[in-house]
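Multiple structures follow.
Below are two complexes that have chain A in common, paired first with chain B and then with chain C.
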Partner chain A sequence: MWHTVFATAARNQRANLRAFPWAFTLGHIIEGGYLVLVSYFSYVYLIQGDLDDRFALYAGSGNYLAYAIIGGALNVFSVSMMMNVSRALITEWREGTLEALLLSPSSRNGYFLGTALQQFYRSGMVLLAVLVFGILAGMRLSAPHLLSVGVSGGLFILSCYAMALVLGSIMLYTRDTYIVQNTLFAVTTLLCGFQFPRQYLPGFLQAAGGVFPLTSSLQLLRRTLLTGEAIPLRDTLPALLLSLVYIAVGMWSNRLVERGLFEKYQA
Partner chain B sequence: MNIERLWSTTLAELSKQHRNRSRGKFVFFSLLLWPALGFLTSYFTMKPYRSGAGSVLSRIIPDERIPLFLLSGYLVFQLFWTVVEAAWLFELERKGGTVEAVFLTPAPKMAFLYGRSLYSLFHGIWMFAVFSLLTFLFVSDASTVNWAALIPALLLIMAAAVIWGALLCAVSLFSRESSFLYYIFQTPMELFGGVRIPPAVFPVWATGLSALFPVTYSLILVRGALYGHIGAGWWRAFLILLAGSILLVFCTRYLLSRAEKHARKKGNWTLF
Partner chain C sequence: MIQMNEVTKIYETKNRLGLFRAETRTVTAVQSLTLSIAKGEIVGLLGLNGAGKTTTIRMLSTLLDPTSGSIEIDGMPMADNRRSVQQKVNMIAGGERMLYWRLTGRENLQYFGRLYGLNTAKIRSLSDLLLAEVGLTAAADQPVEQYSKGMKQRLQIARGLINDPEYLFLDEPTLGLDAPIARQLRSTVRSLAKEHGKGILLTSHYLQEVEELCDRVYVLNRGRLLLCDKPDAIVRQVAGLQTAHLQVSGWDEALRPLLQEHLGKLGHPAELIGGVKDSDGNSASRSEESYRISVRSTSADMLITELLPWTMQYGLRINGFTCDKPNLEDAIILLSEGRVS
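Moving on to the complex of A and B:
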């Protein structure tokens, strides 16, 4: 499997550098810059730091600028991570290489992990750029608890990966990327609490947000970044279990869709 | 170039676009569901800001007007965004190889561009109606609405949007890669145009940027008419939008002729 992981990552990296203009990554960096600007403008010019009393209670910290910028950055990161992993197979289909891939004995998990690995250092660059913009805009963080940040960061990536697997099978089934992906991202931006604490949402929307593993892993990662405190290990369980469920469902549904793929449409 | 030919080309382009793009599902998502979710997100994003008597926010936007403020912002933004999409989809026409067919016919190209842009507007008009209806449901007292100002303002804004869309289509003629439109116009248009934050509170450099987007003036017009505040600022925005739109028509014409020259020089047998 590891062989496939590195081979896929290397192939995708090469394809990215050679065939696609770097406008794609640049676009994400610009988008991250705007996210910082929107938060900064709202906080500094619109409300001049005048926050609701409940905010510090819900967020665990009164540092709105850091809260919004980290949320925005993680939103961009999760979107590009989910988008690229989930689009992997349908892109192969559009480019005409899916048949070859399905015929080869290579591990499918290895293939997805390889896509995620390559995407990780691409998105990581975007994340870094946003953080640099954020620090320029006056975002300050306390010293992080490294172990907690590492664990919750890993969990965040895992939940993006898990959701991408399920999303990918839906895309392959419906033969559509644009509508499926944008609808999901509009929903996660509203429900997962990237820009504001979820407690402000009405009860049923809060409950609906709990369906995504992203929601709880985002809260964990941001809380430990904002407060610098360690997170108790049992808090990581809901996100971990939910991600495992998503991965299992994604693997199963991908296999199911793949099986019917060439019977349904002569590619 | 006579009026009749302009008119028939525009109609032909409208019917062509209609055959290509009237896929109901797509319109529902991109024009109604996503903006509605986006509107809800920005509404809840404002929740952590302190509101009520004496807060900084209520001095800029009175509490009861926040939903109306955001809705009017999204309404105007969507109007301009639909025409940006028209330019964005121009790429498909180049990839499909149909641009050269259009360019070989004697049809006036300006009418071709305006037909595209106009169709995008018609395409989104039902969504626009739903949004407007919601907007008026949120107006606590409809007596503040200055109808005599609102109706001509909306007409002017629609005309400005069509002109803006045609200009962007002409710009897209220079390059096959039109994803830049998305990066230049989505978030910046929203931020600097004042969809979520009124440009009045911006620092000077950002005010300069917001002066470049017609969305800014359109929002001044719509919000002014909805609140019944029509002063010198409102008339200034009206005149700038009117004069700017007329100027942009000439810019479009100039860009179009430049794009044709460019294509003759850099293109191949099939022009592009």
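Moving on to the complex of A and C:
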């Protein structure tokens, strides 16, 4: 499996660099800077630092700027991670390389992990840019509890990966990327609580947001970054279990759909 | 040996008739097909579009599951040994698919080598060797998007050989290639089978190519097997025997029974089907009049050496010799038009 992971990551990286030699890096830096500016202007000029009392209660911190910048950065990260992993197979299909890939005895999980690894590198650059711009804009974080940041960060990545696998099956089944991905991203942006605490939402929307592993892993990661507190192990279970369920469903459905794809196409 | 036993493939598709209504359509692409490919053998798969050729290749290469029947590769049932089977087979399709255009030729081979679990040293040596074999060493580090169609096709061949497969499936491998490149490819295919002992299944719309390369040919029609034999046997069986036309001077109708008797003594079937005056009527004498004698035989070429002594014995002068040889294309056209039962 690891052969496939590293080979796929290297292949994607080479192909990306060859396709977008300088725009590749610059695009991510601009994206990161824009995100921080929007959060900063909203906070300073739109709401003029006037926060609802409930915000600190819901968010666990009154630091809205850090809350919004972290949420925005993680939203960009999750969207690009989910989009690129989920689109991987349908892109192979469109470019005429899926047959060659499926002919080989390579691990499909390895293939997706390789795509995710390369995407992590790309999205990591955006995160880095956001962090630099955020600090320049006045974002301050408490001293982090490194283990908790590591565990919740890993869970966040895992939940993105898990959701991407399921999304990928849907894309492959419907042979559509645009409507499927944008519908999901609009829903996750609203329900997962990237820009504001989910408690502001009506009860049924809060419950709907709980279906995504992204929601609980985002809350964990942001909580530990904002407060610097350690995360109890039991708090990680909902995100972990939900991610594992999504991964199992995603792998199963991908296998089913990719075989069905040739049936549909051939008929 | 690849053995396909009584394989049937039925596709089920849904046609949407409205928001909540759909009708299910079933298409039988392959029906009760039994087929075998031995190592070192080139087997052709022919038929019209929609005959089930690509479906058959996709089933053999593990991309599709048969609806019923079984496929075994070297005694291993494919259904339970997909990964092991994938190590033994590979497929090369015509056109420009199955390659990553933004990678170089070498990077493509390295990537596919990794997917087959080869180690770095093996991949390096194998990709250098394959690139040299397909004549792409000079372009090895050039992105595939800059390759010509012929170069892409040659890289496809290298990709198809990266796992050193024991069986290779070629789906229209010379589609759209220039004549010299197609010829080179045919020579590579022949060498892969005869010198490297690979079992090869070939589909092609270029029937001359199939006739030239294949040891045996399966002819499919609407998913059913119509015929399986050597190409020349199929031609004989479907399009009939070859006809030799001998132009002679000094012919006499009295010689007809003697010629028939002579033909009956030959080692292969030969039948006199005509003897007509071939001259324009201005000949100075009867002895100069040209006649065309037509003989139907399994091997028209051999007739010249067999008829020459006979014509000399009876004082006939040979003015010309031509052959009508039906080929595989004639046979397939006859089959497709339903003119042969």
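We take it that the second predicted complex is superposed on the first by the 255 of 267 C-alpha atoms of A that agree within 3 Å, B and C clash if a C-alpha of one lies under 4 Å from a C-alpha of the other, contacts with A are read in each partner's own complex, and residues count from 1 in each chain.
Following the convention adopted for this analysis, a residue touches a chain if its C-beta (ideal position, glycine included) is under 8 Å from a C-beta of that chain, and two chains touch if they have at least 3 such contacts.
Just so it is clear, the model here is predicted, and its values are computed rather than measured.
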Combined model on chain A: chain C and chain B, fit or clash: fit
Arrangement angle, chain B at one end, chain C at the other, chain A at the vertex (C-alpha, nearest 10°): 90
Which superposed partner A:I179 touches (first chain B, second chain C, both, neither): first
Touched partner set for A:A7, first chain B, second chain C, both or neither: second
First (chain B), second (chain C), both or neither touched by A:S106: second
Touching partner for A:Y45 - first (chain B), second (chain C), both, neither: first
Larger contact residue set on chain A - chain B or chain C: B
Chain B versus chain C as contact partner of A:F204, first or second or both or neither: neither
Distance of closest approach, chain C and chain B, by C-alpha atoms in Å: 12
Intersection of the chain A residues that touch chain B with those that touch chain C: none
Residue numbers on chain A that touch chain B, as the complex places them: 21, 23-24, 26-27, 30-31, 34-35, 37-38, 41-42, 45-55, 59, 64, 179, 182-183, 186-187, 189-190, 195-197, 200-201
Residues of chain A that touch chain C when the two form their complex: 3-4, 6-8, 11, 14-15, 18-19, 95-97, 99-106, 259, 262-264, 266-267
Of all residues in chain B, those that touch chain A in their complex: 25-26, 29-30, 33-34, 37-38, 40-41, 44-45, 47-51, 55-57, 60, 177, 179-180, 182-183, 187-188, 191, 196-198, 201-203, 206
Parts of chain C lying in touch with chain A, wherever the complex brings them together: 11-13, 25, 27, 29, 54-55, 58, 61-65, 82-84, 86-87, 89-91, 93, 95-103, 107, 110-112, 114-117, 143, 159, 163
